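The chains carry the letters A, B, C, D and E, assigned in the order they are written, with residues numbered from 1 in each.
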Amino acid sequence: MQRIGVFICWCGSNIAATVDVKKVAETIKSEPGVVYSENYQYMCSENGQQLIKQAIKEHNLTGIVVGSCSPRMHEATFRKTAEAAGLNPYMVEIANIREHCSWIHKDMDEATEKAIVLVRTAIAKVKLNAPLQAGESPVVKRALVIGGGIAGIQAALDIADAGFEVDIVEKNATIGGRMAQLDKTFPTLDCSACILTPKMVDCAQHEKIDILSYSEVEEVKGFVGNFNVKIRRKARYVDETKCTGCKICMEKCPSKKGLNTFNMGLNNRPAIHIPFAQAIPNVAVIDPEQCIKLKTGKCGICQKFCGAGAIDYEQKDTFVEREYGAIVVATGFKPIALDNFNEYGYAENKDVITSLELERLMNAAGPTDGVLLRPSDGKHPKVITFIQCVGSRDTSGCGKPYCSKICCMYTAKHAMLIREKYPDTEVHVFYIDVRTPGKNYDEFYRRAVEQYGVDYIKGMVGKVYNENGKLMVQGSNLIDNEQITIESDLVVLATAIEPEPSIRKVATLLTASIDTNNFLTESHAKLRPVESPTAGVYLAGVCQGPKDIPETVSQASACAAKVIGLLAKDKLKTNPCVAVPDEMMCNGCSQCANVCAYGAITYVDKEFRLGGGKTEIRRVASVNPAVCQGCGACTVTCPSGTMDLKGFSSKQIMSEVEAICKK
Amino acid sequence: MKDVELKMLERAKQLLESGEVARVIGWKKGEFYFDPAPASFETVEELGDFVYNGFCGANLSKYLIQASKKEGKTAIFLKPCDSYSFNQLVKEHRIVRENIHVIAIECQGKLDIEKIKAQGISAVTEVEEEGESVTVSSLYGETKLNKAEILLGKCASCKGKTHQVKDEEIILHEMPAPINNRFDEVAKLEAMTEDERFAFWREQLQKCIRCNACRNVCPACSCVKCVFDNPASGIEAKANDDKFEEQLFHIIRAFHVAGRCTDCGECSRVCPQNIPLHLLNRKFIKDIDGLYGEFQAGETDNGKTPLTSYTESDVEPNNALGGEAK
Amino acid sequence: MLKIAKERLNELYAKINETMGLFMPIKKAGEVNYHVWGEGKEVSLETLKTVKSPKNMFFPQTENMMKFKTEGKNIEIVDVREKLAAAAEDKPFVMFGVKACDYKAIEVLDKVFLAEPVDTYYQIRRNAATIVTLACSKPEESCFCSVFGIDATAPQGDVTTWLDENYLYWQANTEKGENLTKLVETLFEKGGEAEVETQKANTQAILEKLPFANLDLSRFKPENLNELFDDTRWEEMSEACLGCGTCTFVCPTCQCFDIRDFKTNEGVIRYRCWDSCMYSDFTLMAHGNSHTTQMQRFRQRFMHKLVYYPSQNDGLYSCVGCGRCVNKCPQRLNIVKVIKTLGGNKND
Amino acid sequence: MTKEERIENIKRISGTDVRKCMKCGKCSGRCPAFKDMDIKPHQFVTMLGKGEIDKLLESKAIWNCLSCMACVERCPRGVAPAAVVEAIRDTVVRMQGKNGIKAEEIPPIVDELIPQQLLVSAYRKYNK
Amino acid sequence: MQEVTTKKKEFTPNIVAFCCNWCSYAGADLAGSSRLSYPANVKIIRVPCSCRVNPTFVLKAFQQGADGVILCGCHPGDCHYVTGNYYTRRRMALLFNFLNYMGIEKERTRVEWVSAAEGQRFSAVMNDFVKTITELGENKRLTDLRVKEGE
């Protein structure tokens, strides 16, 4: 039999002025199960809490109801009070007789009557409360970073520096990501390689960091603190431990006509290659689509010439399985395909290029050794026109509805660099808006205009066409209300960016949610911007939304801080108000797992006794209390009522309903 | 139809003799032509009672929940509409698909003996089917009936004669085209006033004797323990004396199978009081189709149901109301 | 013997209804069941088998037994029988048109509910009832009352009636019947013996031809209990059984019930409601369930009808051959199949 | 009809939401009849938005617009300047009392691919 | 008996409101701290998320004599549990439609999204709902007579 104690707070006059607190306390005394009922001026005060503690001990209370302000205010306080008196903190219920009663009603009788009902309702619930214990789960002190771009690198370094093991899984043959392809970076114009490659080397040399390049995540099991991840190490046909990076194979390879993807396909590379000079790991990889040996069985030249004996044509994909406590997703981005934008003539004209292609053309290690030559004839372009917002801010369905955020700044950078290096070049920029929020950003853009004389035209391009070898860029100049046509030698499209397509698979594996633009969703846009709703999964870089390098690095470090905070704990305390299945009734139909936003539900085959000596194996749901957030979506989806929610059980809610309806 | 029966029998014999399957689920002869019962045949001898005729209306797929757990493979004869239930059960992991051999069989629409009797024919001794006409003999004489008038309710609004799953098929004749009228009766009710609808359902549900036949026959009601049998659920009830109970049971049952009900029509077929229970489930189906896009449960054996999925632009509950045009 | 023209039956009903309650087969929402008669109701005397049997009138599907009124921490127990008895005395009732099989079923129930300890709830209603039976003239294929020695052409009851195309014939058998006759006598004229005899003969001829007329019950004896219980064929007979309660709820003799509590605004109502041995939670006890498989539950039902009950009631079977389960079983299982499988046909 | 009603009417006929315009000028950047347009395609949208329809109703541009739909095709925001032009034209024609064209005047064989709006606007224009 | 008749004179509906902990319950708190009144016959049950509300709770409320049931949750897209209210939206759209199909007055059930900042709206919604139910009258169609009779 429950022994319930009821404590009615006056909250000074906040409650007592409209609710006859003494009458409430008195009336409640006759409720079945109530053995103690008291009222006091401030229950949350030291003395009030003392009163509660004393009553719990003296009257041997098994549960208490505090009629006071909102549980959002003092539930935690009274739970601690109960705990201090030796009562399980979850045996406390709050009747909200302030916000939901005294403050909104004026008539004393009415408010008092309602307060009695609210207290009765809380009593009905607390009678069905069960003592709950917050669970604990151990934490594996190792983190996984998916993606080896600047976001992944920064997060890995920060985590490793704090003393935790980190694995970076990178799907390409080298880490470095998009930043490695860039020439200079805004707003300081330092060389991208100069600031990135030392970090890449740091990763390679850090004793706590393990780089799994040319690898992909295949399977993720487990939950925060205890992820079990299966990683596919794709066959690179080169033994990573033997290859010295001498590049003789690249010289000797007879199949040299592969598109150099690192250079955005602007030149060719051999079938066996190291993506770029500062690649980490500095190990060759064979493109099986291009390799003559792998395609026809004949050739084997690289093997012959490899002094280290690193070439292995028989290599197969292998799998490694590792345990992690936390996962950082940093899968990055790619420019969108321009198939929907025929008006810019990208497909027809070699000299219409994307900004990322321009980066490679201007890079000292690029296809033109850093000399700006146009792709069609290798001549210096004299007139260069930039077009902004190509596919960004487009709600017509052809492009992306969002602003890609980085284009305004990198275009200013490009324009500035060109004007600096080749002062005889005319540079025009068609823009809709120039967006430069950020430290020293607007100054940077204004420098391009004021110092370098870049011609910014407010307006958009309607058409780019080739006339006698010249690129005619027809657009509007809204300031002058004119339509103009600029004869250009090179046209650069500020192409919108989108999340790397592999993000969909990663999101599915992690049960992380994704928005309509394929960006990963953060737990809270303002207050938890680097956490995924899936506990233990963190988001860094453009996989969460468009952002530039400084922002990406900040977010990566923020992720690292979150990961370090998590890995620093030996055990995780879990919210005890979680879903719990009654295996005896579970059909294993999987409907609950379908609505779980956190992937907290899995299924196991269990043996059940049927009576008469018979047994049956049934598939039943199992909830991981460390992952479940306690929303209750599963409880309603479950037709058999197998799923219930601790702290908000169906019976508790129904008894509240009954208490309210009892007139 | 006789040729189909013979072919099925022959195939069942082969499968049992060859040991390919351990049992075949089909129908067994009853006391009359019109009362075959579902049965599991484990030997060729048992097949002596095998039957397949116009009264084999029962949906056999639910029996597979138990059968697929038994040793050896189970072969089952599934009519087109039963195949939806089969898929739905596979989707919900209630049937181990690998243990089942599905034989898709022809169906020309099944007959309802109660409808025959409702024509005033009593003491029926023999029924003969011939194309569109059915001859009924009784102790009081012989009557010729038109098949369309005595089809089972579920067959009179057949949703199509295409099997959604099969390992092999026995289809010897062309099957009738789907009858696209299954929402007509729902629409008729929707067109009534609230008061009329309430009166209609009051009168119908008052008849309910809470025998649970609708629930127990329903392939979607495959719970190990039903909430209505479970004292811990808070809504357990055996009686249906009060009008609330009569409604509660049917509302909750319809909600629990919403998005999962394949509209196999078994609930109405088995109701001893002939309550049009399928009109409850069809309302959900119609609303789901109208509000969230066409969905047919059991069309596939995987994927989410309309109630376990959503779109960001779903209609607001307060605007989705009523049978009015959406 | 008395008779009344068919067209005047409404006058008869109205007359009875003046002083007594009148329950009879009435069609509502397409189905015929026993309902209170009233002007304009669709009476269907010809219906052989109402969906629910008339047992509902004495042993309702759900009935309140007592109430616990609570106020604060106090509980008051309220016995509802006083009210029930007062109402029964105030207005006794007539059950009109009960068929022979259903009348026999009431006898079966009486042996259960009126034996010590008497079920007072049942007794109050039973005593308040005058039963007017109606002879069958058009039995159907699922009927097999004759197997249990019931004469469908001449049912018992307080009053027996016969109906032909023109007249309802009336014959009182008991004191209650005489009293009822006195109440309505003015509406009747004398005669009809010959017509009744003709109808009886005609019906007998059909009864003999019914497909189940020759079921053999000889094996269903207490001494064969163990043998029948252990029969291996129960498994296959029950395999299609859904475990629904249709057969038990339409059965005129099934008498199992469950007692439960219902929480109200002012306390708790303790009520009883029909239960079914086909249900998985039937006779569920603290230690678990005595019948764990559907086969065991299925066997329980038919063993009870054909062996257990007769062994305690001088060989009286608790099946009356009404054939409702034959008609209503969703999967076409029924007692006839059981009798044939285990007992056979007399001619076999 | 008051001016406000007329503005609303033009907006309704055009079926386009002028507030969606982000003033990028792509429509005018592409307009092949730009130099003959005294009011430019993007201005049609902004001026309608501001309610300055008097100038639009008097403009020559409504008769010089080719109804080629390039502006509609190019707009990244799903705004249809040509539809605004057409709505203004329509309004002018109606204000002159010529309520549309007659069905029988439409040539019997019309290429299905020609947008109906183009056909109608061309017809009005050359019928002026 | 007399008490009953006097009660009947003036109908004050009994209303059960299910509010999610994160938005609507907080919205109700804000209505309170802003002193925005609504009738006392609205009683709130706190649930973690609107998706915790089982149709059986709604029916239970009607059985026990509630005259109106309202569910409040975070605005779609703002769910604390990411997707919870999306499921609520579908479930309740179908359930309420279905209840109406059974002849239950459509005004008796409602879903409203109220954020933690919308104290004003919470109060307005409740005032409007109480007004609607008061005009509609007592719930007679989905109530359990046994609960009310008691005696």
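One rule holds for everything that comes next: a contact is a pair of C-beta atoms (placed from the backbone, for glycine too) under 8 Å apart; a residue touches a chain by one contact, two chains touch by 3 or more.
Since this is a predicted model, take the numbers as computed values, not measurements.
*Asks:* Identify the chains adjacent to both chain B and chain D in the sense defined at the top.
*Replies:* Joint contacts, listed by label: A.
*Asks:* Using each chain's Cα centroid, which is most distant from the centroid of chain D?
*Replies:* Farthest chain from chain D, going by C-alpha centroids: C.
*Asks:* Would you kindly tell me how far, in whole Å, the mean C-alpha position of chain E lies from that of chain A?
*Replies:* Taking the average C-alpha coordinate of chain A and of chain E, the gap between them is 36 Å.
*Asks:* So, what's the distance in Å between the C-alpha centres of chain C and chain A?
*Replies:* Here the centre of chain C sits 69 Å away from the centre of chain A.
*Asks:* Where the centres are mean C-alpha positions, what is the separation of chain D from chain E, in Å?
*Replies:* Centres of chain D and chain E (C-alpha means) sit 50 Å apart.
*Asks:* In angstrom, rounded to a whole number, how far apart do the mean CA points of chain B and chain C lie?
*Replies:* 30
*Asks:* Scan chain B for residues touching two or more other chains and write them down.
*Replies:* Those would be 227, 233-235, 242, 307-308, 312.
*Asks:* Mind pulling the chain D residues that touch 2 or more other chains?
*Replies:* none
*Asks:* Which residue numbers or ranges of chain A touch two or more of the other chains?
*Replies:* As it turns out, chain A has residues touching two or more other chains at 595, 637, 650, 654, 658, 661-663.
*Asks:* Using the contact rule from the top, write out all pairs of chains that touch.
*Replies:* Pairwise, the chains that meet the contact rule are A-B, A-C, A-D, A-E, B-C, B-E, C-E.
*Asks:* In the complex of these two chains, what residues of chain E are touching chain A?
*Replies:* 14, 16, 21, 25-26, 28-29, 31-33, 35-38, 40, 43-49, 51-57, 60-61, 64-66, 80-84, 87, 91, 123, 147
*Asks:* Can you list the residues on chain A that touch chain E in the complex?
*Replies:* So the residues of chain A in touch with chain E come to 70-73, 96, 98-101, 103-107, 110-111, 113-114, 117-118, 121, 513, 521, 533, 577, 595, 597, 629-633, 635-637, 645, 648, 650, 653-654, 656-658, 660-663.
*Asks:* State the interface residues of chain A toward chain D in the complex, per the touch definition above.
*Replies:* That would be residues 343, 389, 393-399, 430, 432, 458-463, 474-478, 481, 483 of chain A.
*Asks:* Would you pull the chain B residues touching chain E in the complex into a rising list?
*Replies:* 186, 189-190, 194-202, 227, 233-235, 242-245, 247-248, 251-252, 254-255, 258, 280, 283-284, 287-288, 291-292, 306-308, 310-312, 314-318, 320-323
*Asks:* Taking the touch rule as given, give the residues of chain C at its contact with chain A in the complex, in rising order.
*Replies:* Those residues of chain C that touch chain A are 70, 72-73, 263, 265, 288-289, 292-293.
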